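What follows is a set of structures for review.
Presented sequentially are two complexes of chain A, the first with chain B as partner and the second with chain C.
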Partner chain A sequence: MARRRSAPAPRAGTAARRPPRPAASAARRRGSSGWTEAHVHRLFWRAGFGATAAEARAWAARGRAATIDWIVDGPPGGTKLHGPAPRVDGRKLDPVNEWGHDQLWWLDRMVRSNRPLVEKMTLFWHDHFATSEQDTPRMLAQNRLFRSHALGGFRPLLKQVTRDPAMQLFLSLADSTKEHPNENYARELMELFTLGRGYSERDVREAARALTGYRSKWTNKGFQGIRYEAEEHDDGVKRILGRRGRFGVDQVLDLVCDHPRHAPFLVTKLWQFFVAAPPSPATVRALAATYRRSGLQVKPVVRQILEHPALYRNLAAPDLVKAPVVYIAGALRTTGSAITDNWPVWLSSTMGQQLFQPPSVAGWDWGPRWMSSNAVRQRFVLGNYVVNYGRPRVRRGAYKASLRPDRAVAIAIAAVGSPPVSAAERAALTRLARHWFDDIPKSWRDKADWRAESLQRTLRHLLIAGPGAQLC
Partner chain B sequence: MVAAVPAALAVVVVTVPSAPAAKRPAASTAVGVSQREFRLTPYRTRVPVGEVRFNVTNFGEDVHDLVVRDARGRVLARSAEVRSGGRLTLAVKLKRGRYRLSCDVANHAQLGMRAGFTVVKPRGGR
Partner chain C sequence: MRPVHKGCDDFRQTSAAARDRWLVPRLSRRQAIGGGLGGALAIWAGRAMDFGGVIEAATAEAAAAPAGRVLVSVFLPGGADLLDTLPPVGQYGTYADLRPGTKLASPPLLGGTGLGIHPSLTEGIGGGVKGLFDAGKVGFLPGIDYANPDLSHFHSRHFWETGLISERAAPGWLGRWLDRHGSAENPLQGLTLGSTLSPVLATGKAPVAALESPRDVGLDVWGTEDKTRPRLLAAWEQLTHATRGGGDGPQSVRTAAVLAKRVGDRLAPYAEKDGKDPLAPVVAYPEDDGFSTRLSRLAALIAQPLGVRVAAVQADGEFDTHDNQPEDLARALRSVSQGLAAFQADLEARGVADRVMTLVWSEFGRRPKGNESAGSDHGAGGVAWVQGNHAVGGVLTVYPSLTALDRDDNLRVTVDFRKVYASLIEGWLGTGADEVIPRAGAYGRLSLVR
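What follows is the complex of A and B.
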C-alpha cells in the first residue's frame, strides 16, 4: 500500500464560521511570534477543510498557540453545525434511504462543523479501518463511532472497531468460530491496523483463534446484530507475538497495541495524513514516545504534528494534494457555499473518492495519485458548480468592462473567500484580465459589460479549480 | 504553473452545469434496500401511503431483482435484474396495507431474500 500523501497547499479559509475577535491592536496579517494568515491557512487545510478570510485574519492575530488549541480542543460549547441544514430537491437529507445522501450528510458536516479536526480525523479512521460494501445504516453507525473516538485513545477505538458490525461483516469476523476460524480480520489487524510488519503467519492464525466467538443474527426483518457466544470461542492455548496463553478478544488486541512496532506504525501513518514530507527517524521516535506516554492517546500526537515546523515549511509552495472530499468540502466551506444538490456525490466519486466505499481494506491511495487525468478534469468541473450555484456566483450587471485588471482580480479573490494567492498566480490572472477584451474593438468596450461578467466567472473558477487550489 | 493557464482554459469555465433534477412527487418516500446472498433488507419497513421509491443496492455477487407483492401474493411491481454492485430504483404507488418484497431470481427468496413491508396512513390522514 503505497500510501504516501503528498500534498499541498494554502488556500483560504472558512467555516467555523464565527471566528474570534482579533485582539484590539493586533496586526491584520501578522500576529505575535511570526504567526501569519499563511500559517492559519496551512493549518486549517491540513487539520480541516480550509479557513475563511475572517478566520485567517482573526487567528493570525490570536497567535499560534491559541489557534492550535482551538483546532485541537475545539471551541467551548461543544460541536455545532453552523448555518442552515442542506436541502436537496427541496427536502432534508435522508442519509439512510436516498443514494448519495450518506455522503452529502458527511460532506455537510465537513463544511459546517466548528470541529473540522474531528471530521478530518473521522476521515482518517474511515481510511485506516477501511470498510466497504456494507449496508448504509451500519456504515453510518461506524462513522459515528469514528467521530466519537476521533481524537481519543487508540485502544478503546480498536476494541470498538473489532466489535463494529460493519467491520465484522466486512472482514468475516462475524461467524468466525472455533471450528472454522477466519483469518481475515486477524491479518488486517496486524498488517493494516496496528503493526504493518513484524509478525508471522502463525501469529495471524493464532490471533484468528483468539478472535473467534462472534455470531451474526439475521431474521426476516434483516440484520439483528452481533453477539458473542462463548461456546463458539476457541479458549485453547495460543502463541501470539511471542506470548503464550489462553488469549481472548481483548487480550489479543492488547498484545498488538503493546507491541513495540505499534507506536511507530501508527504515528507514522498519522504524520503522513498531515504532512507530505516523510518524518525523520527522530520525529517518529518523539511522536511514538508521546503516544506511549499518553497511554496510546491520539490527540497529543496530532497536536505535536500540528505544532511541528515541518507542517509549515514552505508556505508559498504547498505540497500536499487535497483528497477529493477535502477539496470539495473545502471549496464549499471557504467560499461560504452550501450543499444544495447531488453533484458533490458524483464529482467526488469520479475524482476517485467515494465516501463509505473505499476501494479495499487498505483504503485509498493518497497523495499525487489523486491527480489522474480524469480526476483533474472533474476537479475543474467542480469550479463550474461552485461558480454557478455557490456564493461566488456572478451577479448580472455588477461589473464594468472599464474595471482595471488588477481590480477585477482583487474582486474575484474576495468573492471566493480570499484564498492565499501566490504572486505568480495573481500576475497570471491579471494578465488574463488585461487581455480579456482584446478581441473587441475599443469603440465597443464601453458596452461590453457582459464580458466583464464572464471575466469574473473565469477568474473565480480558476481560483477555485486552478493548479493553486489543488494543494494545501 | 498558473501563468500557463491560458484563455483557452478559461473558455470552459463559462459552461453551465446541468440543470437541477426534476422534482419528485410530494408524497414520494424513499426506502433503501440492500441485497446480498441471501438477505434482502429494507432500511425502512413502514411508510406512508403514496409513491414508494425502493432504492436497491446489490452488495452481493449474484444477480438479484426486487419484486413487490400485496398481501394476496399478486405482483405489483418487478424490477429489472441488478448486477453485482449495481443499483436500481423501483417506484410504485402503494395503498395502505401489508406487502412483501422478494428477490425472484432462481430460489433466492426461499434462501432468505424476502422481507415484509407496511404502508400506513400518513400522520394527519389523507
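What follows is the complex of A and C.
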C-alpha cells in the first residue's frame, strides 16, 4: 500500500540528532512548507468540491499526510452535514415528490458533507453505472447504494448494481428470460462497466443467457420489485470469455471482475476522473497492482491517485475542467453559500449535466467536452445567483467609491472565499476596478458609491464565474 | 477471438499521410472510447484562437454570403428500428412473424413502394413526414449502416459522427467540412441547438457554437449599468488570456470563453425589443416539445444573415427500444414528425427552404426478430432519410431482405452511410467529398439532390 512510505533507515551516527528525511522528496525536505494552501485547494477540488478559506489555511498547516487521511478516511465520528439544511420556498426539501428536489438534495450533500470524497465517488459511480429515466424513489435508492459502496470493493458493488431495480429496468435485465434473453445489460456490463474491450459478440450473447432469471413485478399500484425466478434462468452450458460452464449471475460477474482487462480498465477510468493528463503505462500497472492486491478495493487506488505527484503538477495553472455539478456545488461550498432555490437544477441542466438523468448508459462526456459557447455562458449566469442570493452578497452602502482599485479587488477575493487567484487574473481585475468609474466626471467620482457596489458585484461575479473558475 | 460484429477498421487501410489529413494529431491524446470516460474526445476548436484577429463585426462577412446552402443533421439517438418505422407490408407475413410483440396492424402505405410507414410519421403540419414524402420532399434510405457494424451505441455513434470507422478521436464529418470551407471567425456557421456541442460539428480549428436559445446568450451581470458593460467584456477577454495552462482543458475553456462572448455579441441585435421578437416562429410548432423548440430556433437563425452553414439537432425520444417498443417508438416518431414538418413549413414560410437540406439518421438499426419484452435488440441495417425542397423523394436504397439475414440474424446492410455523406457533400454542399471522407470515391454516389 502506498499509504505511507516507510522512512529510510537512518544513517549511523546521525540518527540521534536529526530526524530521518527521504532525500529524494523535495516536498519532505521543505517540511510543512512543501504542503501549501495551493496543494489543499487542488486536492479538495479534485477529491471533492473545493476548500473554504478556513479549510485551506487549516489543512495547509496540518500537512500532507493528515490532509489526505482526512479526505480518504474521513473525520472520526462519521458523516455529518455542516450548517443548516436547505429550505426552498420556506420548506424543507422533498426529494421524492417535488420536481428537482432530488437533485438539490444531492447537491446539498456535496456542499455540506464532511466526506466530500464520498460524494465525489458517488458521482463517479453514478456516471460509471449511468442509469436514467427511472422513478425518483428507485434513483434515490440507487444513489444510496453508490454512496454506501463509494470507496469499497468493486465486486460487491457490481453484484448489488446488477440487482438494483433502477438498473435492471433501465437496461432490460428485468424480464430477460431463458426463452428470450435480452443482451442489453450483458453488453454494457462488458463494454462500460468492467472491461472496455477484449470480448466478443458471442461473449455478450452467452453472458446474457447466464444473467437471465429476473422478473419484475407490477400491480395496479405500479412497480413492486424484482424477483429472481430459477425456472426463468438458463442453466445450460455457456462459453464466456474463454471459459465453459453452467454459469449463473454471480459467476458471470466474477468472470468479468477476474478478467485481466478489468483492473487496468477501472483504474484508468478512476485516474481520468481525478487527473487531466493521461496515466503512464507504469502508473496504470502500479494502480492495477494495488487494486488486485487489495481484492478489487477502490479506496487504496483512489488514495494512491490522490497521493500521486501528477495530481499536484503546475498548481498555478489548473488543467481539469470542472463538471457542471462540481462547479455549482463548489461555488456554493467555497463561498459559504446555501441552497435556497431551484436555480441550480435548471442551470446545471443547461450546462450539460442533470443529476439522475445521464444522457445515456455511457454517462457524461467529461473534460474538455463540457465546454461550449453555451456552457460558458450558462456558467457565467451562475455568478448572478451566487452574488445575489449567496454569502458574497454586496451590502448596500458598504463600499466607498474612494476605495483604491487593488483594495476593491482584495475585498472581493476575500468575499468569495479567497480562491487561488493568479497574478495575471488579479491584474485584469485591478484594471477593471481602475476604469470602472471612467464615464463619471472626476469631480463626482468620490460620491458615486452606487458604482462601488456594482464594481463589487462584477468583481465577485468574475471570480466565481470567470474563465479561470472553470478549471481546477 | 475475433469479435463477430466489429467494424472492420478500413480506415487503417489508407496511407499514414492520408490519415493525418483527417485526424488532427493532438486529438489522439486519449483513447476516445475504450476508457469509457469522455466518449469521443472532440476539441472542437483545438488550435490556438487568434485573439488579436477576433473580428467583432463579423456580420459583414456573413452578409456577404447570406445564401449559402445549409445542411442540418438530425440525430435519432439509440438505434432507430427500420421494420416498425417503414414496415415491409409487401412481406407482411414474414414481418408479423418476426415481430409478434411490436408489429403494426395496418400501417399507412407509402405509395406503391411495398412499404408502409409508422402512423406517428403522418402527424404534424401537412401530414408530417409522410406528407413530405408524398410531396416528393423526403427520400428514405432503408438498410443504411456500414459493413460488419459494431453494435455498441458509442462506437457506432462515433463512427457516424466522424464519418470514419475508427475509434480514434477525430473531428466530426461536418466539422472537417467547416475546417476546409468555413470561416475562421464566425462560430454561428456550425450551430448545435442544445446545451452541448454535437460531435458531428466538432472541428479542428474552425469556431462553432452551441446554444439552447438565441435569447440566452449574453454575458450580463445583474445590477450593473449598460455603460459599464464594455469594461466588463474587456475584463472577460483579459481573464480569458490570463487562464494559463497547457493541455486540452485550459484550451477548451479559453476557446469557449472567446466564443461565448462572440456569440453574445452577434446575436445581440436579435434580442426582443418593445415586445417584438425578431426570431419568433412563423408557423405553429408543437408546444412543450424540446425538439420542436430547438428546430424553431434553428429555422429563425438560418433565415437571418448569420452565416449558418451546418447545424445539428438531436431528437428527444427513446429509440433504444429494448422493451415497450410500440409506445416508445410511437411517441418518439410523433415528436420527430411534428417537429420536422413544422420546421419545413417554417423554412418555406420564411422563404429559405430552397437552401436547407436535412439528414435524419441513427447509429444503427435493430434486429429483425423482436425480443420478449415487446422490444428489439441492437441490429444492423437501420433507417435514415433526407428531407428538403431539393431532396430526391422516394425510397432511394434497397430495403433489406427479411429472410436472407447475416450470420448474426441481422439485416444485411444495403448502403454505407459514407456513400450518403459523400453524396451530400458533393451534391448539396458542392465541394469535393475526398477532402472530408477518406477514400470517398470507393463508396459510389447516390442521387439525393435535385
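The rule is simple: the second predicted complex is superposed on the first by the 440 of 472 C-alpha atoms of A that agree within 3 Å, B and C clash if a C-alpha of one lies under 4 Å from a C-alpha of the other, contacts with A are read in each partner's own complex, and residues count from 1 in each chain.
Going forward, contacts are C-beta pairs under 8 Å (C-beta built on N, C-alpha and C of every residue); 3 or more make two chains touch, one makes a residue touch a chain.
Computed from a predicted model, the values in this text were never measured in an experiment.
A.B. asks: Name the contact category of A:424: first (chain B only), second (chain C only), both, or neither.
C.D. replies: both
A.B. asks: Just checking: does A:432 make contact with chain B only, chain C only, both, or neither of them? Give me first, second, both or neither.
C.D. replies: Touch partners of A:432: chain B and chain C.
A.B. asks: A:96 in the overlay: touching chain B, chain C, both, or neither? Say first, second, both or neither.
C.D. replies: first
A.B. asks: With the two structures laid over each other on chain A, which partner does A:457 touch: chain B (first), chain C (second), both, or neither?
C.D. replies: The answer is both, since A:457 touches chain B and chain C.
A.B. asks: Given the touch rule stated above, what does A:201 touch, chain B (first), chain C (second), both, or neither?
C.D. replies: second
A.B. asks: State whether A:263 touches chain B only (first), chain C only (second), both chains, or neither.
C.D. replies: Neither partner.
A.B. asks: Now for A:192: first (chain B), second (chain C), both, or neither, which partner does it touch?
C.D. replies: In the superposed model, A:192 contacts chain C only, not chain B.
A.B. asks: Looking at A:226, would you say it contacts chain B, chain C, both, or neither? Reply first, second, both or neither.
C.D. replies: A:226 sits against neither chain B nor chain C.
A.B. asks: May I ask you to decide whether A:342 touches chain B, chain C, both, or neither, giving the answer as first, second, both or neither?
C.D. replies: Once the two structures are laid over each other on A, A:342 reaches chain B alone.
A.B. asks: Chain A residues touched by both chain B and chain C?
C.D. replies: In chain A, positions 133, 380, 383-384, 387-388, 422, 424-425, 427-429, 431-432, 435-436, 454, 457-458, 461-462, 466-468 sit in both the chain B and chain C interfaces.
A.B. asks: Under the stated contact criterion, what part of chain B meets chain A in this complex?
C.D. replies: Per the stated touch rule, the residues are 1-7, 9-10, 12-17, 20-21, 23-24, 30-32, 34, 39-45, 55, 57, 59, 87, 112, 114-116.
A.B. asks: What part of chain A is in contact with chain B in the complex they form?
C.D. replies: Of all residues in chain A, those touching chain B are 89-90, 94, 96-99, 133-137, 218, 220-223, 341-343, 380-381, 383-385, 387-389, 422, 424-425, 427-429, 431-432, 435-436, 454, 457-458, 461-462, 466-468.
A.B. asks: List the residues on chain A that touch chain C in their complex, please.
C.D. replies: Result: residues 128, 133, 171-172, 175-177, 179-180, 182-184, 187, 191-192, 196-197, 199-203, 242, 265, 268-269, 272-273, 276-278, 314, 316-321, 349-352, 360-363, 365-378, 380, 383-384, 387-388, 422, 424-425, 427-429, 431-432, 435-436, 438-439, 451, 453-454, 457-458, 461-462, 466-468, 470-471 of chain A touch chain C.
A.B. asks: Considering only the defined contacts, which chain C positions touch chain A in the complex?
C.D. replies: Residues of chain C touching chain A: 1-6, 29-30, 34-44, 77, 151-154, 187, 192, 194-197, 209-212, 216-225, 227-228, 231-232, 234-236, 238-257, 259-260, 262-264, 318, 322-323, 371-373, 375, 377-378, 408.
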